[in-house]
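In order of appearance the chains are A, B, C and D, and numbering begins at 1 in each one.
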């Protein structure tokens, strides 16, 4: 089996993508970004018009044997017989379809970010340089009235992709966050930055003060320097280690 | 012994109900919903006019050998000799008596929800779709003046059941929460949703903003889709795994 | 060696008191009530004009071999050669001297309670029934101007004891909390109640609302019913179990 | 190998400094003061015009084999072949150059302190006696407009050192904290004090109250008494123990 330490930021084969997807899922769970719900996906390096994602399981449960290959309408092309994808797999597919610069999609419900899904007039502006990776802001999406707010159809998923536009994350009212990145290590680092930034900005708002924000230029400069392979892999190595310490069944990966 | 993974949402025998009750108690403790106090109960699948609950122990301590069978006035019908039930066992019994649609009762004191027990004019409205499972609101109960606020008599317990009405949870002034569900996995998922929703709504109130709430229709739609067996068991599997990782003596269950 | 499970609330010998002191210290550390600083003491059951306390060590480090017997001026009567007591051992001694109803003294710096040490006009009123164990309020103490705020002399310690009066806890400006109880299990339960109550009340104040408080009568009723041996030991059993799960070297105690 | 328990506050050799640096890095990570980013350094006891620091790794990953010796412009003098220092190693170097009383430098991004980096009109005044170790206040630094805010040049690092002046910490807008201390155990204790003080003061500000602060005289008195070797090592022993409990590969150190 390929070891996670042998894969850089971008997987080169389906096998590498599967290993990264399992470790990435466990990290997101171990760092408290997802819980029983929430999932990531990765573009298929061997066929970029398809993507890989686990069947419908909590991120902490996902193993190599649970990964499906799907097209951008969410149809399962490969995978264990009878395996059921996530309800919202199409949400991932439509973002891959709309954005050729995206290699990884995240959907989840981090509590620290949630207040900003219900206060559209107060977006989570960057108060940390790391939060500046979302330097061009967040999209905002509201689901059709009276629905259960999950995104199950191609049409709804296209609406989320349109709300995302050329940004790197979209907030969904009363629901959660969908984010995009170039690769899985970047997604981990950026989601933790989003959560930390939201937490600090919330603190500022609770104190009733207007912080000195990080400018879009500073955010873009931070994004550029910190999305290089070396800083990303330094952070990734740390999150892999923490996950392996906490979770027995991935220690040999 | 029956394995927890072989039981669905609804236990079919007393044996299955006991296993679910032990695992459910440990999960509530492991997820921080209960601590030294707080307990759940389950309707007896072999005699629906009785219910099962542990003798008086912290939820983290409960084993298969500690489970009592009781009637709806809290009289012990079966169980280890001399085993003492919880003071508030009757609170569970009277809710089973009043509500034939209820298969599981919870009573506890989660800190995140507690502020709402002392501010009756500001109920914990849903700001998350998952918090929408309490789409028809919360009941409110106040204990007789000068009491220690625990519910020890059939009369007081009937008052709590009346305050609950057709809702799924009742807030108790300066005391805690009593909640109802159809089964134990649903109770875990709903209590975690209640705690998370309270936490986010509290954040909004601290920032002084009025959030865009989840509507009752959206809440009911979410409740309906997410209380189906598959999504419940996906979440339940996750909480079981976390509890088994943290707690040695349930790993073989 | 005497097992902790064989000792009730009140130790009957020095040996029992030592075991309870070690376990109680570990629990306070494990529950986050103390960290590198903070300590408890217990009245000597074999000579009630003396008390037992560890030599100067973080609570998490304390073992049976570290316990000193001291008089109420803080003079060491028995203990390992050269062992240095805590700077503030006299604070414990003077409270035992002033209050014959006190069997255990705590001093520490829980963060949740700290804001109330610097806002004397806003004492931590009970918003939880468990917080009602401090039904007759908190004393308030300020140290002499320009000191390092630790209590090292008999005179200062007598001033803290006077500020405590007939209450069960005293807040110390910019410093922390000193609390009294009848026995160690009660101290654990009451300190956790204090921290939880402070946390919830702080939440209320941050939301700008005036909660419906727990009345002194309700608090006293709660204190009376929950300080009986059975409810105390049920909670104590839980905290012992959590400490043993987390801390290897006390598992056989 | 030298055991950490055999080294006091001040290392006497490079070997001792390396052991302290590894343990100190792990403690900072284990206590949540740093995560994937953030680092400390120590003045070389064998050549005080140089300093020791890990190559570019998350603090949780650092081992004895990763330590570099560098001059105060950040040039690597000794270390594993090809080892890359942190981008911001020069930040450490220029503070050692400017301050002969400094034996240890910290740079990191603790979330609790972060709000104060974006509200320069509201510095983190001491509300705890332990927070009084920063009795003469915090410096404030802003990076050149449009940069990624990391400090990579001697000139920028000199500006940070100038902003630090004779204080013990400097806040950096939207970025984090750089702190100075005499030795590594003192740095651990002081950084935890800074985080705890910021957390409590933030609570006060959220409640809209003006706390009774710790005076500079009280802070200095606390700093003097608690920076003696015995109280520092008592706290240090506790943090070492917690780190060893959590992190397998340092248990024999």
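Here is the rule we use: contacts are C-beta pairs under 8 Å (C-beta built on N, C-alpha and C of every residue); 3 or more make two chains touch, one makes a residue touch a chain.
Remember, it's a predicted structure, so these values are computed and weren't measured experimentally.
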Check: Common contacts of chain A and chain B?
Finding: none
Notebook entry, point to check: Between chain C and chain B, is it the same set of residue numbers doing the touching on each side, over half shared, or a different set?
Noted result: different
Notebook entry, point to check: Fitting the CA atoms of chain C to chain D, what rotation angle results, rounded to the nearest 5 degrees?
Noted result: 90
Check: Between chain B and chain C, what's the gap in Å when you average each chain's C-alpha atoms?
Finding: 32
Next item on the list: Please report how many Å separate the Cα centroid of chain B from that of chain D, as a whole number.
Entry: 45
Notebook entry, point to check: What are the residues of chain A that contact at least two other chains?
Noted result: 206, 208
Checklist line | Complex interface listing, chain B residues touching chain A | finding: 126-130, 132, 189, 192, 196, 199-200, 203-204, 206-209, 211-215, 217-218, 221-222, 224-226, 230, 234-235, 237-239, 241-242, 245
Notebook entry, point to check: Along chain D, where are the residues that touch chain A in the complex?
Noted result: 35-37, 56-58, 60-61, 84, 109, 111, 114-115, 118-120, 122, 143, 145-150, 173-175, 202, 205-206, 208, 247-248
